[in-house]
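Each of the next two complexes has subunit A plus one more chain, namely subunit B in the first and subunit C in the second.
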Partner chain A sequence: MSSEEGKMELQEIINSLSLEVKTPELDLHREVTGGYVSDLLSDVIANSQKNNIWVTLQIHLNIIAVASLKELAGIILVNNRNPDADTLKKANAENIPVMTSTLPTFELVGRLYALGLRCR
Partner chain B sequence: MGSGEDGLFFLTGKDFANAGTASSKLKAVLERMGIPQDIIRKTAIAAFEAEMNVVIYAVAGMMKYRITDTEVTVTIQDMGQGIPNIELAMTEGYSTAPDHIRAMGFGSGMGLPNIKKNTDSLSVNSIVGEGTTLEFVIRIRDEQ
Partner chain C sequence: MPVEFRADLHIHTCLSPCADLFMTPRNIIERAASLGIHMIAVCDHNSAENIAVTHDLGKKRGITVIPGMEISSSEEVHILGLFNSLARVLDMQAQVYEHLQPGENDEHAFGMQVVVNEVDEVREFNKRLLIGSTDLPLDRVVALIHGFQGIAIASHIDREGFGVIGQLGFIPPETGFDALEISSRTSMDKAEETFSMYRSIPWITSSDAHQLADIGRKTVGLHLNHATFEELCLALKGAERRRVIF
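So, the complex of A and B:
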């Protein structure tokens, strides 16, 4: 856990939750200030905060546009869902890290919360 | 005081690969001009929702913007199916999106309400079978 409460480095989260990184060429040493969970893109556009980690099951390339516009720290895809090839291409172009987890959303978010991340 | 800046971006219906590009470019313009962060945030949310509506529902359209010292005005005009009942379309949760669009996480009936929430004024004019023009204004600060 980093010194400031509720903030973590993305690489720490990846290590703690054994996430698979789908964009290994991107710098993962970036600050995560909190998290947001939704599969509705309008909800994420309206309510996520800059530098949040976003948990979703959507794998199409428009998730990158959303994350880029909101300057999110990265996207975690649940249930081992595999992102589309054009999603990863756009993720690399827009500098948005994409990770996958074998866990279902409930389990994954519980662990993110336990690490100290909050919705902010 | 500066004289402001204006410009436009073209939008293509069903072009999901480039959806969001115009809003990102508009955001970059606002950042370059040093517009306050909360104004950029609100403009980006409203512009993205309007852009997605064109991509999902229309054939083609354009996003015009004008930025002055006091406000950001964005006009999104499309050639599309139009909105039969604007009042209904403004209702949170109401959507006419087909299932495959909803499965992508769009069409949750939050688009127009999100635009309204983040703007100081919003006008929607639509002719069924021809298209829709949406204009919103976000005030940067009250005029002296």
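So, the complex of A and C:
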């Protein structure tokens, strides 16, 4: 486990899980204190924590607004899902890093957990 | 003898956080009038606070404004509720407000929620989290709409996000939708091919307009005697020679 008390830098997660960064112009040296997984935006609004990494398959523009509202550390889209141009434009404007993974949610979250991240 | 009316039954106003601020009741009515649309329904997300003004302006320009809302169920399925009067939509709004996810709108994240008057002046900013969802499951939302004698339409069933099929995989047969909406992004041929199993429920197309230029990009033809809610209900049932032209 490379993290202390389950905290990691986003760039480390990207490297460890070979994520593709869709917003390369954003600073990826930011702290991730935990993770949250949900495809219901209302649930993410209600239950995610600041500086969480959010794993979802939703690619709608609204995910950026939710991440911005909750001050999330970034969004990982699973199954290689490709966000719309509008979503990425808003991600850049709102300073929300968006990454994609070829892995399905189960596999991806298992690896995040193995890195030491928890839901907090 | 029924004649054809054009209707755009899914239009947002500037009260919806995701809609353009130019979507004022006055602009919407003028745009609809210029396009020759006879009937519109105003369906803001989880609120009905701009409907009275739109209705009054529509009356002056000869456009029927059906009071409506686009309600978000607990599964994040969007459902259009259309009603026969302002009083009914406000009854529904009271239920929705009671069950809406708590929290205040963040204008920076989601956009402004503006309640306006007849001349585009701001009356107030709605503070509720209208982009959020209610804790009402889909079947409960439909039951409430029907309880207020309204029409329940599944919004944009062809959209992955917030459509009933995208959120729940298929349309539960017992849900009781009065109609299904196909959005502007899917052609009729494609819809016929993809959703043929749902052809027993009437289909409509509408613009889901969030900006003025969207209004009327898709409309539905209705054979009615008059452009009224009651006639629309008959058309969806295919009763008394009224019908939806699709």
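Everything that follows uses one rule, which is that the second predicted complex is superposed on the first by the 117 of 120 C-alpha atoms of A that agree within 3 Å, B and C clash if a C-alpha of one lies under 4 Å from a C-alpha of the other, contacts with A are read in each partner's own complex, and residues count from 1 in each chain.
Here is the rule we use: a residue touches a chain if its C-beta (ideal position, glycine included) is under 8 Å from a C-beta of that chain, and two chains touch if they have at least 3 such contacts.
These numbers were taken from a predicted model, which means no experiment stands behind them.
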| item | value |
| --- | --- |
| Subunit A as common anchor, with subunit B and subunit C clashing or fitting | clash |
| Subunit B or subunit C, by number of subunit A residues touched | B |
| First, second, both or neither for A:Cys119, with subunit B first and subunit C second | neither |
| First (subunit B), second (subunit C), both or neither touched by A:Leu41 | both |
| First, second, both or neither for A:Leu69, with subunit B first and subunit C second | both |
| Which superposed partner A:Asp86 touches (first subunit B, second subunit C, both, neither) | first |
| Region of subunit C that runs into subunit B when the structures are aligned on their shared chain, from 2-10, 56-64 or 110-118 | 110-118 |
| Overlap of the subunit B and subunit C footprints on subunit A, listed as residue numbers | 40-42, 45-46, 58, 60, 62, 65-66, 68-69 |
| Subunit B - residues contacting subunit A, complex | 16-17, 19-21, 23-24, 27, 44-45, 48-49, 52, 104-106, 108, 110-111, 114, 117-118 |
| Touch list for subunit C against partner subunit A, complex | 18, 72, 74-76, 101, 103, 106, 108-110, 129, 131-133, 160-162 |
| In the complex with subunit B, residue positions of subunit A that touch it | 38-43, 45-46, 56, 58, 60-63, 65-66, 68-70, 86, 90 |
| Sites on subunit A touched by subunit C in the complex | 40-42, 45-46, 58-60, 62, 65-66, 68-69, 94 |
